[in-house]
Amino acid sequence: MLHFDCDYMAGAHPEVLAALVENNAVQTVGYGNDPFCARAKDLIRQACAAPAAAVHFLVGGTQTNCTLIDALLRRTDGVLAAETAHINVHESGAVELGGHKVLALPSHDGKLCADEAEAYLRDFYADDTHDHMVAPGMVYISFPTELGTLYTLPELEALHRVCRSYGIPLYIDGARLGYGLAASPDVTLPDIARLVDVFYIGGTKMGALCGEAVVCTRPELLPRFFPLQKAHGAVLAKGRVLGIQFGALFTDDLYLRIGRHGVALARRLRALFESRGYRPFIDSPTNQQFFTLPNAVIDRLLPHATFEYWGPRGEAESKVRFVTSWETTDADIDALEALL
Amino acid sequence: MLHFDCDYMAGAHPEVLAALVENNAVQTVGYGNDPFCARAKDLIRQACAAPAAAVHFLVGGTQTNCTLIDALLRRTDGVLAAETAHINVHESGAVELGGHKVLALPSHDGKLCADEAEAYLRDFYADDTHDHMVAPGMVYISFPTELGTLYTLPELEALHRVCRSYGIPLYIDGARLGYGLAASPDVTLPDIARLVDVFYIGGTKMGALCGEAVVCTRPELLPRFFPLQKAHGAVLAKGRVLGIQFGALFTDDLYLRIGRHGVALARRLRALFESRGYRPFIDSPTNQQFFTLPNAVIDRLLPHATFEYWGPRGEAESKVRFVTSWETTDADIDALEALL
Amino acid sequence: MLHFDCDYMAGAHPEVLAALVENNAVQTVGYGNDPFCARAKDLIRQACAAPAAAVHFLVGGTQTNCTLIDALLRRTDGVLAAETAHINVHESGAVELGGHKVLALPSHDGKLCADEAEAYLRDFYADDTHDHMVAPGMVYISFPTELGTLYTLPELEALHRVCRSYGIPLYIDGARLGYGLAASPDVTLPDIARLVDVFYIGGTKMGALCGEAVVCTRPELLPRFFPLQKAHGAVLAKGRVLGIQFGALFTDDLYLRIGRHGVALARRLRALFESRGYRPFIDSPTNQQFFTLPNAVIDRLLPHATFEYWGPRGEAESKVRFVTSWETTDADIDALEALL
Amino acid sequence: MLHFDCDYMAGAHPEVLAALVENNAVQTVGYGNDPFCARAKDLIRQACAAPAAAVHFLVGGTQTNCTLIDALLRRTDGVLAAETAHINVHESGAVELGGHKVLALPSHDGKLCADEAEAYLRDFYADDTHDHMVAPGMVYISFPTELGTLYTLPELEALHRVCRSYGIPLYIDGARLGYGLAASPDVTLPDIARLVDVFYIGGTKMGALCGEAVVCTRPELLPRFFPLQKAHGAVLAKGRVLGIQFGALFTDDLYLRIGRHGVALARRLRALFESRGYRPFIDSPTNQQFFTLPNAVIDRLLPHATFEYWGPRGEAESKVRFVTSWETTDADIDALEALL
């Protein structure tokens, strides 16, 4: 069976697994105060060119988003996000369980438009009744977005300016950050660290067993973060498990190598579909690829390959998503080619 | 100064005030266990033709909405509502502070469409990933809506059927219920009690100093409601204050008399504007009237009358809202006529 | 029937009621932005000798406590309080519903000991694992306490010093503040305003229909309070109802007159019981009086007077509480004397 | 350096690690719907002799406690627990952040007394004001307790009876369950499954990298658990990581073997201390051992061994805790002996 349904189908990338095995017997203190975490934080700060950044390790994406949003917002403020944002759609209301409203703005192929965010903020404060409304207290975007698309550097700079001018943090959900950086023509990790107040470097979808690394370039935004992290159930007793994995991911450029591998295979996959006349319905440069396929083709593939319907099955054709990752091999694409 | 900015500008309706004064010295137990509350509940059950309904008195509208939504929903479920719903716009995120997401659907002049609600529910359960999404656990509508409009009896019946078929409660925010009932050609209070699981009969905007009466026609939906009401800070120690007022409102048909008065004055006001060529931009049959007026007219009125801009002031003309109530007199409309 | 079960048995004090009646027809804006509230705030600031204090009107005691505690605490901090504190016992978990832990310390006849609070704070920060514990973020006391007792001025000063040295606010629940001030030999309202960061002046138990006035002498502790108040359902649309009542309570010294009246009657009542040989089991100088009575006496009184058991009924004798208030008359005490 | 400060100092037990390595390349679906999780659940049901139990995998202990307590309690109910309970002391208020109060009862060497729990419940419902109080909606105990002690079978049966008679669930925090089962003279895993409604089998402290297995013998208590788990950020995308580990832990009796090993080493350690005249201050039969040691001894050990102060350092002697686990070797105890 070929697996294209997500980027978390297997265990850990071999180099990550090797690091876990190699250091398994070493005994350390818990809760992230161990040397593995310290080293990984240093490597991440270096990769971000952000020597003063605070780095925190959490376990999963939903957990990271809801904990950080709770940490960054005042009690009754809300978070601006595209209506397609993961926090607005696929986190079972974790943000609301934490007490905050997601203020949904139009999605442009998954992206939030800086001008629209600015207009929202301007209109909010211009409204005489705004004390009765949920104040937009931060901006959430994902990079890549849930639709695989990427913000350009000027787009990120525009969002940065809007947030700065209203004094609210800009946050990036980087669940698939490595695939985004590998595909982006202009945005680097240091750019993100420069333009964004808080973001997380996704591990789970980038070859770790679990784990997300939060980078906060303005540590004063997260005073006394540990108790809040703990109260959200977001602390791993064996924090070393995260430190070892992120240490491996940021050694020998592994994080970007994984990203580049996933993107290269996604391009082969896309070219393959296009060569058969199936155009993507979203122009995604990253490891998620979206096609409209005849149901007959889908039915021919399904016994041999996993992938996801994107919305309900249609009458004659349906939208589907194929995902590549560090696990995907050229042989997988070859096999898919043979099936098509 | 003429007051048309809201329906809570003065104190209590004289008959309500008289009841408070008359019974002021009577001593009773607290927390709503007094004979005044018992009598008012009986009167409300009679007016609703719902002898088995549970009635609870709360203090204000936002408090009532967020307490009841918290009581009716499972922990991670959300509430379906029109995007213009008060809970979605003007309650400072009270529903989210309580942990729940407002699932906003399109507004049709303030109304939620039963077909669209049904489609949302159907699509939700058809989506394979719905366990990762916020389940729609109840439907919230307002009667009249925030735009003064009314559901017809068939529209309410359709919403009732949708909710029943998905096993979720239908809830009405009746902050201005009396004005709605007075203006509706087909919907009565017993209709509402028959079709709706939980609704509240607004007091604050209908001549009370404060107070909203929640009617629950399926009391099993609100087990052990008191501790939750208390924990939400929504219990009045002198519950009698609410019982006395609702006793007065439901004596000698006062509630509907107030509604009819407000609506009659609203019709005079609308006719007056129309006679001068100013058309309403929403066709509201109730005590809120919405007009587009030339800024010159607005500026001529403002020194003499209060009313609200509805959105930002425009270049040459602006949208405004005029509200009538039990406080409005024919003399007020005469005076407005003289100003126009 | 004689009523000694609580201090909220009747409606409003006649002077408060008169103010409501007199101003009933005046039309004002809502949400507390009216001239009645403005005047009442000024009167309160004067009475407190705190010209820079912020004053906010809320509706009830539980609501006020849970809203203010939520406003004053960081997200995961807790509130230090005596184990007998109202917030720890009788508010249905409102503080916890808002996300905060009540850190209960021993009660000394209802009072929190400054030395014990200081030791708690010192031990907390000395504990290496304190990041895994709930940080004490504020101190809550009540004046009078739930047992009718009073802090002396030196005791308040000691609590003030402890809070200042740890940089956390001191908060007073003043549900019965007037009875406490009337009975205290040394503490005045300006003392409280000087020593306490946030406190509320209870209205409900002091002759208002409802309403509590929050005084914050360090307004920077409550930035953007209105949206939080609204989200807690703690805003009255007709805010004037609170402004008019507190205006009356702080005119011609009514608040203290009510306090003195209640205390004077409590002293008569206590002297009466003591003259019959029934000693109070708590030495309360305020309007709550606690006695151990033979069950035979209780049974003789119950057909004619209301009062509360304080704990379960005993074999031969039981603990009871008698409460006086502005409603209590000398004739009530005479009648009680005749019954004893 | 010798490590006795906790039972999560190293990575995974070699057999657990081997399973992770062996299955690393296998691709599966996510979120716990994979065959590894299915097999592990079956093994756990078999070990519990509870074929109808629901099993859920979560990541860490605090997360498990706060998610399950939120799932099991009504909105305003609280959880009865010994005052020394982990949820009351060392989880940064996670239970309160979820909206619930911990109702602390006296600790008897870490244990909750069934009679005291019953008396609390009886008094609660006998109190006329209990609707204003937090209702005890479940009972939390830990096995072993935070002090290493164990409930006897009759004690568990008594707690079971109390919970059944009041219709509330009994919950066990089994962070160190294996050490408890290994040390208990009478309690088996099937006993726990028979007497307890919901409990978790700790993985993190029993040789897993992370992970706790919740066993619910009355699945109707946890309807629609997944969305709540997700909203609490307690779902692992690569759920397989938990399934593989628990599969290993419940293969060839590994879970109990680890427990027995830890307990055997704890006994050697205790005998060693006792042979030098240092008596434990708590009589713990499990892998946590508590001694009062002269500061001189502590200072001699500290350069060579890690262990925890249990409370503040004393003048001449201090309380300390030594913990053994699957990582501890006989050589470690030999080395400690040489140091003493």
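First chain written, first letter: the chains are A, B, C and D, and each begins at residue 1.
Basically, a contact is a pair of C-beta atoms (placed from the backbone, for glycine too) under 8 Å apart; a residue touches a chain by one contact, two chains touch by 3 or more.
Everything quoted here is computed from the prediction, not taken from an experiment.
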Those chains which touch chain D and also touch chain A: B, C
Between B-C and A-B, the pair joined by more C-beta contacts: B-C
Averaged-CA centre spacing for the pair chain C and chain A, given as whole angstrom: 50
Distance between the centres, which are taken as Cα means, of chain B and chain A, whole angstrom: 42
Mean-CA-position distance for chain C and chain B (Å): 33
For chain C, residues contacting two or more additional chains: 75-76, 91-93, 97, 99, 131-134, 227-228, 230-231
Chain B residues within the chain A interface of the complex: 75-78, 89-93, 96-102, 104, 123, 126-129, 131-134, 309, 312
Complex interface listing, chain A residues touching chain C: 70-71, 74-76, 99, 131-135, 224, 226-228, 230-231
Chain D contact footprint on chain A (complex, rising order): 1, 3, 5-6, 8-12, 14, 17, 20-21, 23-30, 59-64, 66-67, 91-94, 97, 204-205, 209-210, 227-228, 230-238, 240-241, 306, 327
